[in-house]
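Two complexes come next, and they have one chain in common, chain A, joined by chain B in the first and chain C in the second.
Coming up: the complex of A and B.
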């Protein structure tokens, strides 16, 4: 009896095992790519971060020295603070613009695809090119904004937008929103369109008002889409670099140094590749933590629809 | 087989040294230093015998690219290196010691002293001057005339410059009296602004470059001069955010006065012949002039097999013929002993650039990039905060302490 039991189990077992190997084979190319282009570089970065690694000359093992230095590095803390400040403001700004736009272009109306295209257009411009374009727009002498505001009588004389922190920060926020909002809009649009029309109709028949329908129907059903848009936006903002590098070179009196900018400076201006690597690992840890927290906050994963 | 091949090549190298057969030297040069060096190479290659193969590398990437090339065994034989980086490269042990050969040159003592000083590390010479540029003060003669000033009279003090700037600004609209790149261009400002304090015998670093000595009465005075120029609206608003892109704003013809580089004399003469300008030395805060000696040093990668050929080429650039070509395309002569002869027949204003060499300084530090050149370094930040900010004392104390902490961290 026991024999027959084993005999009847083993082919199934074997099949399962074989299909397991086959599965591995199928994902092997992907795994190889991830290993070569992500896992190995990260491991190498970790290895570098444990050294004093100058661009020229020989690296020397210093254990966790770079990480200890990081904790008391005032400029790194300032960069973290600025990046957090920027991320919060720009994410709110992007959503405040992208959500109404998504609702606006969701309904079928005349010229809706033209609107969608126009709003999406800045997204296909590279961030670096967009930054360069805006440097020109914001240029006090040959640009657009300062002379325009002067002509309209809004300012007394020409204001150099990029010279003060507040105006430069505002310019960058407006630029990023102009550039990114279209992309967030498209993501939110797919979420909106995935909500069955019957549900909205049923709610309307039940007497739910416009705000109620949005609050209790649309928002909960868009949670996963929102999570995606939010994570993309937050991650992108934390990794911000181009706009600060190109538009303000770190801002008036260094007040616009983002974390990535600081890593770049440490690695390629000060030539401390080891310290730059340690900072990168810290940033990676921060990003993973934030992403996990956001997924948990938006409860993505449980109660699948 | 491989062994035999290797032996053969070594033999060939051995012969090459003794028999002087034609060789090809690979050399890198950074962008943005004009055509002078390229023209010398062209002339050298045309003369036959050895060849120089020139590769242009963007100036902002040269250090990284060179470091990577060394690691990969692909480094060029020689390099035209921004002179301020010579100490750092020499300290990293990547450069060939040229001391003995350099000192055997009959004109060694006539070579630009700032370059040789920067090329020296721990009493050994690793870099020799290749191209020389000094900072000078330029004024637009036509605007002087319009403002009722004597166009042939070079200003000697900053009081004079400020008064002239106000008169030129009074011409109205887009005409300004003065310009500088004040938006975090450390390189521009060390070049044009520190001569104000150097002239008064103060410096931003101690002679051994182990102490930051930014906060001096002379520097306070210099900052006040610039603040005053800004307060009197003689400087265009764009200056506050110019990170060096518009360094040559003087060439637009609407700036009355600006401290520029001697290379720009060549640029102005050849590309902006419509601008009638004069040049003089940059006055210090109390009138005694000074200048920044910049340019490139010639360095040789450690262990290059073509050392002799490289030396021969450098001797050519130091020859009368080589120097003349360099000067014609905008680089000042590197040899003081024949400078007068070299400049014969060239634009007389270049002579001011040469005079500047005698009073010029260059800071000597392994951390030039960190302290001065980086647009986020303490010097660049200080310039913007002290001249355009509201808290001058804070700007001084922040920059002073940050410079010191960078110096200390690098010890």
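Coming up: the complex of A and C.
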């Protein structure tokens, strides 16, 4: 960066001036969309959350009233609790299925790409479609599971899976694992394949057993990938809505209302738009915190050899 | 020697049986719901309330379920058309906007370039579910409430972080010499972009298109909130009416038929263009 650096800088500098505004022209449509349909709504959400905002009529400024109400809102706290519960259980379930699957499809063997594709198929259909399919399969009279279990003699009579909280919850977990496990599997697979074969080979020659190789070689080298898969699963689960709306309508006993579902009810069923906005800000704060935590987690992974 | 080889061969065979045994079992779990649902959708109305044991039609293939589905809302053709319009509109607009932006970010220097790029990517951190209320109001102010075009614009915006990122990388991979040569030949600006560079970034365009199509076709929450009149419902929103049933009775045949109409296009698009889909997934995962 002595003479040559200075010399090469001047034509580039001229070019920068010449094409400065043209570049902005190319990104203008994208910026316009992001501004109107993202930046503006985010700012507007903050503004709305400080008002009592009915669907019709004029909004009234109430300062932090909505936030005060939120803190003492038992149903919102219940929704938060349920969402946290769901997120933890479903993430563990997805990993418990996806990790073995990733190891299963890692090596190039006959038919392995066919297995990968089939396991991945549910990922590309919509969560709404998957929920509809499974709400039928779980139906007590016309579905598959209850009559099948009865016919196999596992249960006396037909059990209505969606009537009780535990069985309905379990059904939704199985559905989501079916829908999402393929995605997590592929993410984990990229991590597994990034581990140099020589390393595993060297460990094998040194006498490390299969479990030892997994515990002290594979797992530490998978840190980054697992952090990514974990975060995608956690953020996705916190935003869960479709499955509860379609499969159980928030029941039984309204015990399956997730945070997004509660915001939906407040904003678009009860039309408390201001309060809904305050709840949205809370949700947004939770997710941004998780995203920052994610960046930190990925960075920590970087520092490791 | 011989026995050792035999032992090894037997172990290999056992491994292979175990491998395919697990493989077939797993494939069955992931495939069966689709197959059972699809088969069941061809049962006559008299069988549609029965458990799918067996799932295939007992007395000949029938399209009763699809006919009943057609009786909901404004007919299944209208709603499929709505979904197609929104999905293909989203694909076209996403490609146009992200190709332009990707090219701009890859090839030009301008003030606040990095900050603006980060702003587009940062929208990923904010869940759109949390800004749906103001979106609803903004669209109403723009006269785009309850309109497929408004919904399309929202979907395009949601696709932008991924798409702009993909397209910028695609343009970055194109050697600058090609552009210089085309410039000398007299191609400029948009002409250069469309005639010379676009064919070179087609794999990126394919990836962006698949994700835009699948996400727009499958999206439920925004469509549920932003569309308010029956004729405009996309398929997933129509299906809530089918799911709710009439007079307390749900016609499960219609549910199966609706699931088939929503699921089959996704599976076909994915199976045909798997390579481009996986490329996008990897790019997202590596990032």
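Just so we're on the same page, the second predicted complex is superposed on the first by the 255 of 305 C-alpha atoms of A that agree within 3 Å, B and C clash if a C-alpha of one lies under 4 Å from a C-alpha of the other, contacts with A are read in each partner's own complex, and residues count from 1 in each chain.
The rule is simple: contacts are C-beta pairs under 8 Å (C-beta built on N, C-alpha and C of every residue); 3 or more make two chains touch, one makes a residue touch a chain.
Because the structure is a prediction, the values reported are computed rather than measured.
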In the superposed arrangement, does A:269 touch chain B (first), chain C (second), both or neither? first
Regarding the shared-chain residue A:252, is it in contact with chain B (first), chain C (second), both, or neither? first
Of the two partners chain B and chain C, which one touches more residues belonging to chain A? C
Chain B versus chain C as contact partner of A:59, first or second or both or neither: neither
For A:160, is the partner it touches chain B (first), chain C (second), both, or none of the two (neither)? first
Can A:141 be said to touch chain B (first), chain C (second), both, or neither? both
Where chain B and chain C land on the same part of chain A: residues 139, 141, 146, 268
Can you check the complex and tell me which residues of chain B touch chain A? 63-64, 67, 70, 88-89, 92-94, 183-184, 236-238, 240-241, 243, 369-370, 374-377, 381, 384-385, 388-389
Which residues of chain A touch chain C in the complex? 15-16, 19-27, 29-31, 33-34, 36-42, 44-45, 48, 101, 104, 109, 111-112, 114-115, 117-122, 124-129, 132-137, 139, 141-144, 146-148, 151, 178, 182-183, 186-187, 190, 225, 228, 235, 239, 241-242, 245-246, 260, 263-264, 267-268, 273, 276-277, 280-281, 283-284, 287-288, 291
Parts of chain A lying in touch with chain B, wherever the complex brings them together: 54-57, 139-141, 146, 158-160, 162-163, 168, 248-250, 252-254, 257, 261, 265, 268-271
Within the complex, which stretch of chain C touches chain A? 19-20, 22-23, 26-27, 29-31, 33-34, 36-37, 48-53, 55, 96-98, 100-101, 103-105, 107-111, 113, 116, 119-120, 123, 125-127, 129-138, 153-154, 156-157, 160, 164, 189, 214, 217-221, 225, 236, 239-240, 243, 252, 255-256, 258-259, 262-263, 266-267, 269-271, 274, 277-278, 281-282, 285-286
